[in-house]
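Two complexes come next, and they have one chain in common, chain A, joined by chain B in the first and chain C in the second.
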Partner chain A sequence: MDAVTKRLAPGLLVWAFGLALAWGLPGSVWKGATPPPFPWAALFPAALAAGTLALAAPLLAWAGGPGLASRRPLALLEAPPDLLWACLLLTLWPAAWGPPGTLAWLLAFLLAALPGEVRWLSQAMPSEYPFPQAWGQEAVSRVRRTVLLRLWGRWLAARFPIWLTATLVLERVLGLPGLGTDWFTRVALRDRPGLALWVGVLALLWLLAQPGKGEEP
Partner chain B sequence: MRNRLAGLIACLLSALAPAWAQMVEESLPRDPGALDFIQGDSYEQWILQSLAGDALVGLGPDGRVVPRLASAWKRGKDGTLTFTLRGDARFADGRAVTAEDVLWTLQELLRNPKASPTKRAILAGATVGIEGGRPWLRSPKPLGRLLMELARIPIAQRQHPEQGTGPFSFRKEPGAWVFTRREHFLKPQVEGIRFRLLPDPAGVMAALQKGWLSIGAPATRRQTEVPASHRLVTQPMHAQLVVWSHAGPGPLKLLERWRREAFPPQLLGQNARPSAGLWPTTLGFEPRVIEAATPPPAPGLLRLLYATGDESIEKLLLALRERARRDGFDLQLVPMEEALLVDRLQRGEFQLACSMVVFDPHPWAVLEYLEPKGPMNFTGWQHPELAEAIQRLQTPDVPAWRDLQGLWARNPAALPLLDFHSVIWVDRRLQVEPSPLGLYLATPGAAGWRWTQ
Partner chain C sequence: MRWRLAFLGALLLPNLGLDPFRGGLGVMLRHPLGTDDLGRDALLRLLLGSARSLGFASACALLALALGLLLAWQGRRWHSALSALRSLPPLLFLLPLAAAAGGLGLLATWVLLGLLAAPHLEPALRTRIETFRQSPAWAAERCLGATWPSILRRWAPWGWQQVAALFPSAWLTALWGEATLSALGLGPGPGQDSLGRLLAEELPRLGSDPSPLGWAALAAVLLLAWTSAPGKT
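Let's turn to the complex of A and B:
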């Protein structure tokens, strides 16, 4: 077994367990309902949300550095659950504008997810005291950039499946069905092949984000 | 020039505005999936199908069978039911409806193992054909039951299970199911209906209060005032919270007493009241009591499985538990995810289990409790006189129904705890006809709605 396979084995085992769970999910539906078709139209908003988050979180972490992880205001922003942001947005949204659309959903998603992701990245950054702080701001910036570039792939791999599925609460409250609603519906309807496909695709994304042969993990 | 252009735009916008205003905005609690007249089987799918399709017969708001796609029907001496189709019925693509379409729909439902289980059960044992250009159907079921059940089967175009003849044409938009009025014999008045997926009751409530929904069910746990733009509409429903007992009728005898005393009116709210009798009184059954059952001795332990997710039901079950405690019984409430509960029910692995049941709008619906393969016969209930008793149920008003209920009352396997009403808010400008079938499923249903302003 080479080094890469050895490194990937525990992760693959977890995904295999997830796949087995999806196939063998217990329970049945009283009156057989057909699972809905995959919401292809939701892919673009999901990609937009994931893309914005994937850029905004590292940029903020780069600007704030590892010190952000212990900032109380960030913790305060991170604390409210998705439901609160969704309900707040719905309450403040003027009735005359009609029901909130995809942009409002994106805003609520960023409000809910961004503080947590910035903290995740900041916490993973090494301390800057005494070095590179002693070498000046330019060195600090360069170190942060290097660290974040190395972190970015693994961070995406770890968090991407969560972003794709954790939008469920926002989708339910705002009435904008997307990928979160899709997997939830498949769980409720016990669409085992559909769920297995979901797990398979997420596992593939994880696998693609892993460093290959010759790349230092 | 600029002023003229602005005026022209304003004219165009004002011309468009009424069209927008005439759309009825609605919500769906669950994704109904793709419109499919063969495989689609859920309450939400039934709403979609009733808008985009026509069954051979319909059910009026009073529950009587009325013509729909068939203008007339005749019963032959051998029990064959022959239908005369309307000449003016057209599919959404403009093609006229033929007997071949009816035959294909019914045969596909009988042939396809993935077809709707509800529709397959309706057609169980039936044979279909065409004679003299008219479709016919022969079934072992009594005529009254068969006709009422046929209202659940809209006719699809041959080889096109997504194509129907209903008063509205359907198109799917991202996150919305849109129905637009079309030329139809029911002459729909409203421009169209747009459904959004809103599974969260808080989301529905906010949308209703902000005027984004023309129709919606308010959250039952809140005693909120109806907004000025809407009015309260209450509809009777054939819906009950039913408890099944795998420990014989003894525990049900206790529950029969507790259900009368357990629920304070403020907890019941506007949409629930304690059930009376064994079968839904809304379907015309007399309230009967359980006969000759010995309740288990106190103190005792009873385990009741229920589906999580409905806060108001959970509170009512807690009230029931408190009532049981006063009699020395520990009623353990075991919450379960809905599909896991269904699994336990179907395997018969429970002492007591409860679930919400929406009955079809005819008395034969209760046979689901009794028939050997009935979808609600979770305890394997049987009786040697059952087959003969069912044979005598030719119409909804024959005395044989009382005899059948007598068989059940001696050894029931299930007992309703609560009867439910449908409480909805409807835009004041929208005129709708409430019925026990809801706003959509009766004939003319949504085709009979109109805006008053």
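Let's turn to the complex of A and C:
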């Protein structure tokens, strides 16, 4: 067994236990409720939201650099919980426009998640003083680009569960079906296959977010 | 940390008395935010609900930090297992669990939130504990054969300082966790007023009916979030 497998083994055991728990739960049959179909229609908006976030956050972090992590306005934008954005949107939404739809959800999601992600990425970037600042702006932006490109995949994998939580809260408040609601319903209804699939996806994301060979855990 | 802990006492405060004949009163001098449907003064309700939310968050943060300390002290070999547990945000698991259980009581919310938040506090606590473990002071304690009670007596103030440094983040996790659960109708029942409960009651009518209590609850959440945001470093 190599060092990486040995290091990851306890974590994999936890996920195996989670999977066994998902399969071992008393199923939905005895509750008389059928598991809902997968919300295929919500996949495109979810991909759009994740794609926008996956591009906008690194771009903003690249433009702002590590200094953004200590900016007070960003911290103030990041501080309110997802719940508050959902409540504010629901409250300020003009009744004449009908109930808030996917576009409103997307807006609330970006408002709730983007500041935190920009700060997360900025905090992960190394300090630029004295180098590469001394080498000029071109070197600075090159270092930022290299760091962000290396971080990108692992950042997405590590942050996806946080985005799922944010979208779950927004979907519940705004009454829209989506990926968060799908996870929520499958746990609540104890839908074994669906839940096992979700646990598998979350385990895979965890695995992708782990440091590789020769990296500090 | 102290002002947050002071709110623990609010958990013991009695509920406000009901007066259905004075329900739904508008803003007036005697009731600056009016009264709710059951005749309770809205301002008093907001203050009591907020104080209880803050007290609950403090209790929850203390539990999470105690468990996190235990994990940090004992869980060196289980680093990867703890990282797997950390990959799930507490609310992602707690919300569907509460729905499956038909809502969670105050005690269950306290225990579950504390349990789920503890692995998230473990890395920061472990860093602090490892520094202590590798220090000459700890080596000296062990060489001289100091007993656990004497070690605890000497090092408790230092341990408390470390816990206090992480208390605000644990507190915020608990505060928003409980508020979200309650606002979605999955938290402690009507017997336990909280900010989330106020939002759950007032939110449906906020868009159509100007409700001072609902707006004040939203403002309280925003104020709490902003006062807890990290300052300029």
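One rule holds for everything that comes next: the second predicted complex is superposed on the first by the 171 of 217 C-alpha atoms of A that agree within 3 Å, B and C clash if a C-alpha of one lies under 4 Å from a C-alpha of the other, contacts with A are read in each partner's own complex, and residues count from 1 in each chain.
Methods note: contacts are C-beta pairs under 8 Å (C-beta built on N, C-alpha and C of every residue); 3 or more make two chains touch, one makes a residue touch a chain.
All figures in this text were calculated on a predicted structure; none of them were measured in a lab.
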- [ ] May I ask you to decide whether A:P99 touches chain B, chain C, both, or neither, giving the answer as first, second, both or neither?
- [x] first
Open item on the list: For A:T34 in the superposed arrangement: first (chain B), second (chain C), both or neither?
Closed with: first
- [ ] Could you tell me if A:L151 is touching chain B, chain C, both of them or neither one (first, second, both, neither)?
- [x] neither
TODO: Of the two partners chain B and chain C, indicate the one touching more residues belonging to chain A.
DONE: C
TODO: Classify the contacts of A:A188 with the two partner chains as first (chain B alone), second (chain C alone), both, or neither.
DONE: both
TODO: Look at A:P81 in the shared chain and tell me whether it touches chain B only, chain C only, both, or neither; answer first, second, both or neither.
DONE: second
TODO: Classify the contacts of A:A42 with the two partner chains as first (chain B alone), second (chain C alone), both, or neither.
DONE: first
TODO: Considering only the touch criterion stated at the top, classify A:A56 as touching first (chain B), second (chain C), both, or neither.
DONE: neither
Open item on the list: Contacts for A:V140 in the overlay, against chain B (first) and chain C (second): which applies, first, second, both or neither?
Closed with: neither
Open item on the list: A:R172 in the overlay: touching chain B, chain C, both, or neither? Say first, second, both or neither.
Closed with: both
Task: Doubly contacted chain A residues - partners chain C and chain B - done: 87, 90-91, 93, 95, 172-173, 185, 188, 190
Open item on the list: For the complex, give me every residue of chain C touching chain A.
Closed with: 77-81, 83-85, 87-89, 91-93, 95-97, 99-100, 176, 179-180, 183-184, 196, 199, 203, 206-208, 214, 218, 221-222, 225-226, 228-233
Task: Interfacial residue positions of chain A with respect to chain C in the complex - done: 7-15, 70-72, 75-76, 78-84, 87-88, 90-93, 95, 158, 161-162, 164-165, 168-169, 172-173, 183-190, 202-203, 205-206, 209-210, 217
Open item on the list: With touch defined as at the start, can you tell me which chain A residues reach chain B in the complex?
Closed with: 26-37, 39, 41-42, 87, 90-91, 93, 95, 98-99, 172-177, 181, 185, 188, 190
Open item on the list: Please output the residues of chain B touching chain A within their complex, sorted ascending.
Closed with: 27, 30-34, 36, 39-42, 45, 114, 116-118, 174-175, 196-200, 202-203, 206-207, 210-212, 337-340, 342-343, 346, 375
